[in-house]
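Sending over a structure as structure tokens; questions will come in a sec.
First chain written, first letter: the chains are A, B, C, D, E and F, and each begins at residue 1.
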Amino acid sequence: MTSLLVWSLAVPIGGALLAFVVGGRRVHWFALATLPIGLAIAIAIAAALSRSSGPLLYLIGGWSPPLGVALRADWLSAIMMVITAVVICGIAAFACGDFISPRPAEARRPFAFWILLLALWSALNLVFLSGDLFTLYVALELLVFSAVPLVCLDGRAETLRAALRYLLFALLGSVLYLVGTGLLYGACGTLDIDLLAACLRPEPVTLVAASLMTAGLLAKTALFPLYLWLPAAHAGAPPAASAVLSALVVKGSFFVAVRLWFFVMPALPGEAATQVMSALAAAAIVFASLLALRQDRLKLLVAYSTLAQIGYIFLMFALAFDEGSGRMVQGSALVGGMMQAISHATAKAGMFMAAGMIYASLGHDRISELGGIARAAPLAALTFLLAGLALIGPPSSGVYLAKTLLLRAADNTGQWWWAGVLQVGGVLTSAYLILVVAHALAPMRRAPTPGHAAIPRLQQAAALALVLCSLVLGLVPWQPWLPLPVAMSGHGPLGLAALWSMLWPILIGVPVAYLLGRRGNRRPWRVALWLEDADRLLRQWPTAGASLVAVAVALAAAMFFGR
Amino acid sequence: MNAATLAGLSGAALIGLGLYGVLTHPHPLRKLLSFNVLGSGVFLMFGIIARKGAAAGLAADPVPQALVITGIVIAFSATALAVALLLRLFAVDRSATLRPDATIERNDRSDA
Amino acid sequence: MTEFLLGAAGFILLTVTVGLVRILAGPGNIDRTAAAQLLGTGGIAALLLVAGATGARGAEDVALGLALLAAFASVAFVNSVEQRPSDNAERADP
Amino acid sequence: MKSVADIFTIVAVCAGSFFFLAGTVGLLRFPDSLTRLHALTKADNLGLGLVVLGLLPQANGFLGGLKLVAVWLLVQLAGATVAQVIAEALRRRGPPP
Amino acid sequence: MTIIEALDIGLAFLVLGVAGWTIAAHEAFTAVIGYVVYGLLLALVWVRLFALDVALTEAAIGSGVTGVLLISAAVRLRASEAEMMHERLGIAPRLVAAALCLVAAAALAAVVLDMPDPGATLAPQARQPLAELGLGNAITAVLIAYRAFDTMLEKVVLVLAVIGVWSLSTDANWGGLAGPTRLERTEGPLAFLAQLLPPLGIIVALHIVWVGANEPGGAFQGGALLSAMALIVLMARLREAPAIGRRWLRVALISGPVVFLAIGLLGFALAGGFLAYPLGFAKPVIVFIEVFMTLSVAATLPMLVIGPPDRRPS
Amino acid sequence: MKPLASRLGLFLVFWLMIAGYAPGDLPVGLAAAALATWASLRLLPAGNGRVRLLPLVGLALHFFRQSVSAGAQVAWLAFRPSMPIHPGFIAYATRLQWAGARNAFCALSSLLPGTLPAGSDDHGSLSIHCLDVDQPVADDLAEEEGLFLQMVRDD
């Protein structure tokens, strides 16, 4: 049964290599044939895990760690793998509308897209399964190599530039991660996650390694203030690629960070470092949400929303710290964070697809000229609305579950300030969605440019399905996989209180959107201008690079002196 | 001071140098070069760890050395991809700048 | 013997360093290309001497590899300064 | 026997080092790029040849020595090519300003 | 201070000096030349660290092939440099960056000095199964047995890099040729070198692959040397690179990872697990894998260096 | 058939030079030599030029001697305080027709004392850079070319 772990990697890799060598017009066939198999394998692994008493383990080549490399599937891997498989299937269905070779011969865009999609999938599965820090490094590189070309498939200058910025910054992150890996090997003589967890002590080597690795991973995940590459890359890519990048790729390095902090070195960071992480996360939530209000293009708004959501999933680090034992605990905060990650994956994939369809039917995505979209592309508009709703978190959704868990963790550890950040984030999320809705409901300014083809049904269905998936994630019986607190299961998600908890952020969001949002030619508030200046500065390379080193130094300082 | 410690210190210094180049050089090609210097500094760190692990009749621990070989190949592929991107960007845009607003400014200029 | 070989290696490395400084000073890029050749010869000599002294196994194979690659950089330079006709074609292509 | 081989090694390696020195002195003293190229390729190649010659008695066996000779031959080939290629490029560039 | 210490310290300063020169150089091309020299010097450092395998890899890939890639890029990008001059940072940001980098480097240096010597190691464990595998080189054993998985994935990374580079072509040029156009006449020293050296290079490369089982060497190093030979032929314009649609090219590119993966999966049936080698047949299986890995490295690196197809397919 | 066999033999000798003789390795060596022969025949098809083996040995010895004197000359010039050199180019009209032979001759003469071929000029004659143009360089080259022609039948 544990050989499934190998197959979950071998199948997409094999599919990609086969597609590469056969090529031709029907490259997508290989991808489409691989999808159901991969999905079935992911589900089978989750099923096997629910029956097993501990993580599934596979020793590659029969060589056991420390010499060999192990694959491990625990509950984190299982749910991430299943959600990834579902999202990839949805994205593939959507991409059937955009990435089929129109000519009888092989064409560039489909060839690259489908093979890279499969490669990306195998890279993610490897990230989720790997039990070895260096294999994780290779997995992260696989992820970058398959993600970067997706950014610039259309070959325009700005997307090429975005891809280059992404690649260079991601490489910088990888190198920092690699240094840390080497130092940890030097300290313990192994790279295996479990063996390292048993061996690592807080000493200079390991603390420096931990801070460098974390900083590198944050750069790859684009946590504030290290996001210089993300908005342009995610907003410029073709819709299907944006969906992959935003929903899945950033989750890869996030997942490695979680592995590192919770599984490799739970006792290393100490309280101050977790507060630093959560402070960055909080800054990301507030800053990126406010900037989302200032965007004039829909895809950029969605990209900044991704930045804010990355903040959300990193907020759990302070909440998961147990003061008594001085360790990171795998409790409700971690579950909340992961739940947020998978809810965002499904909702954001749908949202980018919807934005892409809106672009396709209007010929532009300027927010101020969205009027009439509800008539021009009703289903796309509805999908966008529902995706936004899923991010705010109605009682049945995964985001709601996540929020409840995180709030409870904040309550338990007495860190009310992070709970406050969560609520502010909810308000701001509502605000930028209300801004879009307000523009979309306005009457049509001018007739849509003719000549835009109707959106394929399959694309609409795929986007809607992913969004609905996010909306019902809170209802899934998670007990077999997640260490959910028992009280959660008895809690009815459809009570009046639950409904109110969704409604009030929206109500406050209206005035916020009115005051801070970008509307017409109105003179913006000075705060808004400051924000835009700060954003421009942080997207400059020297600032971002210096911030990266500064984050590493700050983390190291917190780890040294904050214990 | 033995060869391994010396190499380790050189590695640290090279990491600092490479990092400085990556941060401050505006041209992507120079960033890439600095990145390679930075990478080789990291590999040297692995080298010292391997050398300190000399045991069982082997002059160095083979595991970090093997990791370095893998790392060098990956660093090369990354460089190749980045160079291809850069050359393409230059061919399309006649400019290699990484500034985020470059394209927008250019469009504004040509509009005006 | 070991000390002598190492000393010779150090001496050769020193002369190579001085030569390197001269070559890298230019004046032109073409002149600088010769630096790789200088390092190819001097570096191989130093490598063989050090390997002879410390008994590192397989150093001759490294030297063989270096010898094969000694002309590599100069070849690349000469190849790339000659303009490719396809470069113009690419520019015309939007 | 051993000492004879060692003396041979010392003499040859010393001579080789001398030619490396000569090449560097030539690099420093010769007036222009083309003449420096002569110094670089000719003196250093001979220096390497002598070093290889000196190491032959230290190599393990006759065939181990031949490998060193192969290294030297390959460097000669590279040197001959590089010298001509750079010389041609310099000639095309014209006399230095 | 003994001679060898003086030599090491001198070498370290030389490496640092050339690296500093590379970072500080005014023009990109001079910086690249500095980098090539730096790579060659690093190979010497690796020899001093008793890592001959790494030294070979560094010489062939780190300095050689990367150098060629960067040299041609620097020449082609020369026109872009003048424009970037005004983007150079002022003195204050430079100082901030320098201070931050200094802190990082100092922390690493302190950590290096702090590490115990002898430190943690897997050398004894890595050494023990060598006889059973029929290998004498522990690094080869790590690469192709203990951590074979990483090596296989790294081959996939190479294929992905090729796809990434190709995807930067234009729709019209898809399926076409890349690299320099062939000359009608084959004359001059370059042609001479490209006619004479590659056959010798093939022999050296195969020798290095073959001894890799017991001595320093292996598929990466041999493959990299082969790719260098292919690049010399391409750069001397004796031949043109194949069009990217050619089936044999694609087979060669993926042969390494595919054979690796296939043998890994066969291990389920024959040796009781993924990437396990059947008892007693480990050596021939390993050699078989190495042959195809060499082939795919030799095919991949030149394709990465010459870039995306830039001529229309005929 | 002849060039194939001789090249195969040469490459096998080269394999033995670098790999040493071990019976177990010989099949690999043969395969390598065969591959090298294939590459060599593709890159440098057996043309009209033929190489004679015996003069080749003589030429090799001669060349070693010249190579040593080339290095010695540079050393001599470098250390002389007055440095009596008059660098410059001369044009040398070569008798060699076949491109391969021409290239080989250029490569050899680049290792001779005081000369460095720097491509051909517009009239097809070789442009040679000399350390001292006052020396009878052209005559020396003609002599070398004569030796070279004994080894290669150039038609």
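By definition in this document, a residue touches a chain if its C-beta (ideal position, glycine included) is under 8 Å from a C-beta of that chain, and two chains touch if they have at least 3 such contacts.
Just so you know, these numbers come straight off a predicted model, no measurement behind them.
The minimal number of chain-to-chain contact steps leading from subunit A to subunit F is 2. With every chain reduced to the mean of its CA atoms, the largest distance from subunit F is reached by A. Between the chain pairs B-E and A-B, more C-beta pairs are in contact across B-E.
Rounded to a whole number, the gap between the C-alpha centres of subunit B and subunit C is 20 angstrom. Annotation: 58 Å between the Cα-based centres of subunit A and subunit D.
Per-chain CA centroids place subunit D at a distance of 27 Å from subunit E. Averaging Cα coordinates per chain places subunit D and subunit F 16 Å apart.
Residues of subunit C found to touch two or more other chains are 33, 40, 56, 60, 64, 68, 71, 75, 77-78, 81, 90. Residues of subunit E in contact with at least two other chains: 4, 48, 50, 76, 89, 93, 97, 100-101, 104, 108, 115, 119-122, 126, 146-147, 150, 154, 157, 160-161, 164, 168, 170, 188-190, 192-193, 196-197, 200, 204, 207, 211.
Annotation for subunit D: residues 23, 37, 41, 45, 47, 64, 67, 70, 74, 77-81, 83-85, 88, 90 touch two or more other chains.
Those residues of subunit E lying in contact with subunit D across their complex are 188-190, 192-193, 196-197, 200.
Contacts from subunit D toward subunit F in the complex involve residues 18-19, 22-23, 25-26, 29-32, 34-35, 37-39, 41-43, 45-47, 49, 61, 63-64, 66-67, 69-70, 76-77, 79-81, 83-84, 87-88, 90-92.
The touching residues of subunit B, counted against subunit E in their complex, run 1-21, 23-27, 29-30, 32-34, 36-37, 40, 43-45, 47-63, 65-70, 72-81, 83-88, 90, 94-97, 99. Chain contact summary for the complex, subunit B toward subunit A: residues 15, 19, 22-24, 26, 28, 31-32, 35, 38-39, 42, 45-46, 49, 52-53, 63-64, 67, 70-71, 74, 77-78, 81-82, 85-86, 88-89, 92-93, 97-104. Note for the complex: subunit D touches subunit E at residues 74, 77-78, 80-81, 84-85, 88.
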